[in-house]
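This structure is in structure tokens; I'll ask about it shortly.
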Amino acid sequence: MAVEYIHHYHPEQARPIKKLALEVDNIQVRHSNRVILQGVNLALEEGTYACLLGESGSGKSTLLAAIAGMLKPSEGIVKLHGEMVSSTQGHWLAPEKRGIGMVFQEPALWPHMRVLDNVLFPLKSRGMVPDRQRALALLEKMDLPAATAERRPHELSGGQRQRVAIARAIIARPRLVLLDEPLSALDHSIREEIRTFLRALFREEGITALHVTHDPEEAFDLGTRIGFLGAGRLAQWDSPEGVYRCPATETVARLSGPVRFLPVMVTAVDAGHAHLSVSKDSLRVPAHPELRPGPALLALRPEAVLCDSESGARATVIRAQWSRGRYLLELELPEGDRLLSYSATGRMGIRYLKIRPEDAWCLPPETELTAEETS
Amino acid sequence: MKQGTALFTGLVLAILVLAPLLLIGAEAFQPQPSSSPGAVSALQSLGQDRYFWEAFGGTLRLAGLATLFAIPVGLGIALLMNYAPPPARRLWEPLVLVPFLMPPYLTAVAWSLLAGPMGLIQQNMHALGMPLESFLYSLSGMAAVMALHLSPLSYVLLRAALGNSDPALFKAARIHGAGAMRAFATAILPGILPAMAAAALLIFLASAEEFGVPAVLSSYTGIRVLSTTVEEAMNVWPVDLPRAAAVGLILSLLGFVAWALYRPLAKDNRGQVGRRESTPCWWSLTPILAFVLLATLLPIGAIIAVSLEKAITAGFHPANLTWRHYGHILSSGSSAFLALRTSILLSLSVAIGTMLLALLSATVVHRGGAGSRWIDLLATLPNAFPGVVLAVGLILFWNAPWNPLPLYGHLAILGVAYATVTFPYAFRHARTGLSQVPTVLEQAGRVHGASPFGVFWRIRVPLAWPLLIGGATVVFALSMRELVTSLLLQPPGVQVISTYVFNQFQQGNMGDGMAMSVIGVLSSALILGLARGTLQR
Amino acid sequence: ATLVVYSSAPASLARQLAAAFEKKTGDQVELYTASTGKVMARLAAEAARPHADVVILADWTAGLALAKDDMVFPYHPAALATLLRKPLQLAGPFLPLGADTVSIVMNTQALPKGATLPDDWFALTAPEWRDRLTMPNPLLSGTASDFVLAFVDEYGAKAWQYFSALKANGCIWPGTNHASLQPVEMGERSGMVAAVGHTALLAKLAGNSLELIHPKSGMLLIPRPIMIMKSAANRPLAEQFVDFTLSKDGQELVAKSLLLPARKDVTPDSVWPNLDKLHFLPVHWDAIASQRTSVLARFRKEILGQ
Amino acid sequence: MAVEYIHHYHPEQARPIKKLALEVDNIQVRHSNRVILQGVNLALEEGTYACLLGESGSGKSTLLAAIAGMLKPSEGIVKLHGEMVSSTQGHWLAPEKRGIGMVFQEPALWPHMRVLDNVLFPLKSRGMVPDRQRALALLEKMDLPAATAERRPHELSGGQRQRVAIARAIIARPRLVLLDEPLSALDHSIREEIRTFLRALFREEGITALHVTHDPEEAFDLGTRIGFLGAGRLAQWDSPEGVYRCPATETVARLSGPVRFLPVMVTAVDAGHAHLSVSKDSLRVPAHPELRPGPALLALRPEAVLCDSESGARATVIRAQWSRGRYLLELELPEGDRLLSYSATGRMGIRYLKIRPEDAWCLPPETELTAEETS
């Protein structure tokens, strides 16, 4: 039931369709007999940078482990560059033969090797020339000077370790790189630098990446495709704007940025739009294709709510947070519902709200379906 | 590949350990030679044997006490060496290990030289002499002597485990309100529990099977143990192989129980590999010095004193001193010198070979799977068998008319015997080492292009390295001083240190024997010190 | 050709005999030396595929045990037997290589205050020897078990009373012969009951203050058997070796190692007193061998208290 | 040289000055004889929630370790609630007696204990009643159901572990809680929930917190005070808006959100404002108090640059990133300098820029001063 919306706002989107670097076909993965993933499908064109979001514990790391060959899916197929690497018919390619680079959620550096040797390992283990210069250059680009290369991992800070792990994952120019929250231990400026660096490097060398993150900002910045894992399945697989503006589920909406929901009653649906009313205003808002008249959720991002006007629904500011040159306000409606809005001032007290219907999104109420129940 | 290694190690272990044990088992079901025809098997007749049960109880108490003494001592030293190392740690470590290099028999002799009725302590410090003597000649005394001698074993295992524990866990406990002790119990202890269990298992079985210390001390205490029971069956004719085998089987049953108790502890280990630097600490010299004094300097000193005496009864004074014994041993070409050389070469090759095999087996067990539990058990059992019995099993197997490998009668049989005897030690070390490597580090290796073999050599082995070296040194030390199987298995025309010493003690020159012991102990200490100093991180 | 010899004779003696034989005949001798118990155990374990051609033991009854198991090839040529010393002229499938004694050893520097050297077994139950004596455990030492058997055979109930008295007097049984001699050498104990002669004399020659006592009621003479195994591959060579050890040259070597030579025309080393003046306990070897189990069981129960 | 600006926009700011929960006075900390921190001063009022930002490797974790008593500063004083706990005069309070709760950068859960026992540990170790109910309630609030409480740490996902570590840090109601990037492994929605939860809990129970993060968003949301660690020292200690609008150094500006710098020539300084010109426009912008006429840096956040106008400086869009309902554009000026700006459309091509002087900030060029050099 993954929903695809087509948006052509991203320059990469215009390229002709390329060969698939990664196909995951209907896999099921278990951990000690609990089903963690169920019926996950994924196809990644060569050269794509895809980001995967999902609640903590939704199985993102597990999916990467299955792709890397650290776990054997109990059902389904994994193909890399057209080659079947895992199936229930007995296909199996050992992890070291898959030609993958990976950054683990913990840095997982080998404590007995110097930083440089950690980085050079993928080259050595594949019998390639251990190119010291390239390793040092990579480290340098990630703000790790040559002196650091001689240290042991335990002498580095958390973020430094994570950067070493990134260098290790890409040194051997793998065709597919899996990254499990690689930047989550880094500060804002280095993170931006590494993002720029990764983006350039991956595009240049045509590397395909699947990047797990919990930061939607990061996902939208890096990813040309965004996936959402929820309830053991891929809930959405879409472009950044598609995901942000037209989330397939309530969870996807929450995960992709600040949002609040209003329970509403949809009176009619036409041409992808829903008719409903909020605080006595009648609105026509874009809607989920599966939405039917009846109870529904109105997802309102802060930019869909204007609060600096002089008229509209009355609400109280209950929290004002400084956010990138503006204030993010949390507002409480008289009925107790809460909304978010941006404002130039952080002033507390009463505001009057207006909803911009074109920025709102109406979707069916979430039905709780967990992987356990479906299996 | 996976099946290959599993099959290979299984096969080698079966030959090395299982075959002799099976033959011994078969022997235990023979009737005793002195009994009437058609009598019950030796194993069954043990059931009604009062002497046997008494010895069984004695063994349990002695081994239990020895374990109880040796673990805290080993742990204490390991803690000091790890967290508050004394200055010049490299110097102290070999001294801590020396007691383990001495044959237990010799340690016991040394202590009766020291604390006996006419011993050095009695002569010099009267007040201390009497209580010390009555302590030495008691169950606890025997256990203490065994513990002095086995503490280094627990030290080696625990030290390596401590080095691998995660300091962040300790910090977390301290900050959340636990004092240093409590934090240790919360954060460090569970991590080293597998190593502690392994050490306890090894020490318990080693002291249950040990003959030397009871042989020297038990006659004074009146405590009987199974190993002397075996000796009774084997030393006086008609030689009673079935009875010895039956007792051996019972001891192996004890080993099985100990192993079953140990297993759940070993399984639950989550790997942590962290490092921490620690600054030298002067006060920790005191306890370490005390241990070195008690376990190393005093006994070695007593033995050195004797080895320098012309006549033992004349006591230690200038007129009675001589270098003659050393001169005799070190004159190249003498039988003593040949024995020394044979021992060192043999022990070195056994240390390397056995550790490799242990590493392979531990890998198979670490991976889990059908056969792993059996390998784990097999690797434990030789430890429970008294040396004599095991040696008989080795003869029965390697000398069987149907055995196509003509090792018996060749020097290699000693290598095989040492490998069998020391395998449990090597295996425990390898196993503990491997179980401390976090899986994600291995996964990272696989993903980045290393084959299982590559991961094994480049990641698992280096991370387990401290324990592998620890294990190899233990194997080396044990091989250097192994007596009982050497006595029974040495091919005609060959001698090793221990048999040379034994022959000298029995019917030759005590001084030569003591001198050879000193040289043996010091040369293995030297080799060990070098190995640990250069090969460990 | 190669001859395999298992020996529990003193290692140096065995080596000298082997070397001399090799020199004389050009054949090769492969020598395995260990204590009697270990040699016996090894023989038992090798039963399925024996290796030894000639076996030298330290204990006559051990030889009898092997003979009883039908492992010995009878070799007892009359020509050799007549050359032997009187007490060693024993019937059986093998010959003695030499003999040793079982008697009392005292450390003259570790005597209790005012005590003089004892002159008999029975003197040792006197209070002055309280806590001053050791004796090898007959369950662990072949020579000690022979001594107990012969003593019981000779004295009957009086022997058992004697052992009980020793025990009451604080005598200990530390184990093998060697283990029991050690406390005496160290001075922890003054003397050892049922000590093997030549080890004590060896220590004495090295300068130790040990003295071999000859009890007036008789010491035990234990012949050391040399036998050819049934399984011997090269029997003539084995016979040649036995002949050599009993030759004058061979016996000189035996004498030099402080054992008593078997041949009467070879004199023992000078540390030994004149053998003819010594009194020996009479021993019925076959009889005591058959009583072994019951006597040892009684000893274990009544004396060792186990 | 830490700069303090007074802004009274935050409701907490109005309270009377309270007692100090934490004082760090001029400490120096070394790691294997390298000076990591030098002359760091910090004072935290009781009940404050302070956030600490800093480049990766700048010594944030080290500072927390020194406060917690895991490291002994080689110089300086640490006081907790007025009590001297560490000084070079021999004062030393063992870590377990400092009454601190702490969340580590890696979760550092005890692997052999169940989750529940991990959480209860601080109570037990201090001899308090192990309040199961409270532990379960805490876990529940962090979206960890009771079933999870029975599992072992290694059976949890990375984010679940981190939440357990948070519960462990606060269960014993410590008066000071140190948090080392506690939320960096969490997804957006749970992160927001836990933030709300932490904010409420800490305020309710009057807990003082020092929270290390690399996410300025998070720091601005949670912290009433923000500190910046750089070059081994505290570079700034200020309110969120102060930090964002008036960063003391270039690094602080970078770390606290998207920013670009233009090298400018300041012709005059008056009343906290600098006179300068950009692309021929003369501007008067707020400036750093230490700014003197001469070369300087003009820090421009995206909101200080308008690009939807029809006239102004010409620039080319080189990257358009979807960010919270608008596009973040990277623009290149003809001179090669780059600027950021928000726009409603992600259209590439030419735009005309206008700078809003009141949102710009002028600061002296950074002089590279590292801890090593100062010591």
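Labels for the chains are A, B, C and D, by order of writing; each one numbers its residues from 1.
Here, a residue touches a chain if its C-beta (ideal position, glycine included) is under 8 Å from a C-beta of that chain, and two chains touch if they have at least 3 such contacts.
The chain list, named the UniProt way, goes like this: A, D = ABC transporter ATP-binding protein; B = Iron ABC transporter permease.
Note that the coordinates shown come from a computational prediction; the quantities given were computed from them, not determined experimentally.
More C-beta pairs touch across one of A-B and B-C than the other; that pair is B-C. Subunit A and subunit B (Iron ABC transporter permease), compared by their mean Cα positions, are separated by 56 Å.
Separating the centre of subunit C from that of subunit D, both taken as means of CA atoms, is a distance of 90 Å. Spacing of subunit B (Iron ABC transporter permease) relative to subunit C, judged by their CA centroids, is 34 angstrom. Each of the following residues of subunit A touches two or more other chains: 106. Of all residues in subunit C, none touches 2 or more other chains.
Annotation for subunit B (Iron ABC transporter permease): no residues touch two or more other chains. Under the touch rule stated earlier, the contacting chain pairs are A-B, A-D, B-C, B-D. Against subunit D, in their complex, subunit A makes its touches with residues 9-11, 31-32, 53-57, 61, 105-106, 155-160, 163, 181, 184-192, 214-217, 220-221, 240-241, 244, 251, 254-258, 301-304, 321-326, 346, 348, 359. The touching residues of subunit C, when paired with subunit B (Iron ABC transporter permease) in their complex, are 4-6, 10-12, 15, 30-35, 37-38, 40-46, 48-49, 51, 59, 61-62, 65-66, 68-69, 107, 109-110, 137-142, 145, 172-179, 182-183, 185-189, 198-199, 202-203, 206-210, 293, 296, 300, 305-306.
Those residues of subunit B (Iron ABC transporter permease) whose C-beta lies close enough to touch subunit C in the complex are 34, 51, 54, 109, 112-113, 116-119, 215-216, 219-220, 222, 224, 228, 231-232, 234-239, 241, 310-315, 320, 335, 388, 391-392, 395-396, 399-401, 409, 487-488, 490-493, 499, 503, 505-511. Residues 166, 168-169, 171-180, 182-183, 186-187, 190-191, 193, 268, 270, 272, 277 of subunit B (Iron ABC transporter permease) are the ones that touch subunit D when the two sit in their complex.
The touching residues of subunit D, counted against subunit B (Iron ABC transporter permease) in their complex, run 32, 65, 68-70, 94-96, 98-102, 104, 106, 108-113, 121-122, 125-126, 154, 168-169, 172.
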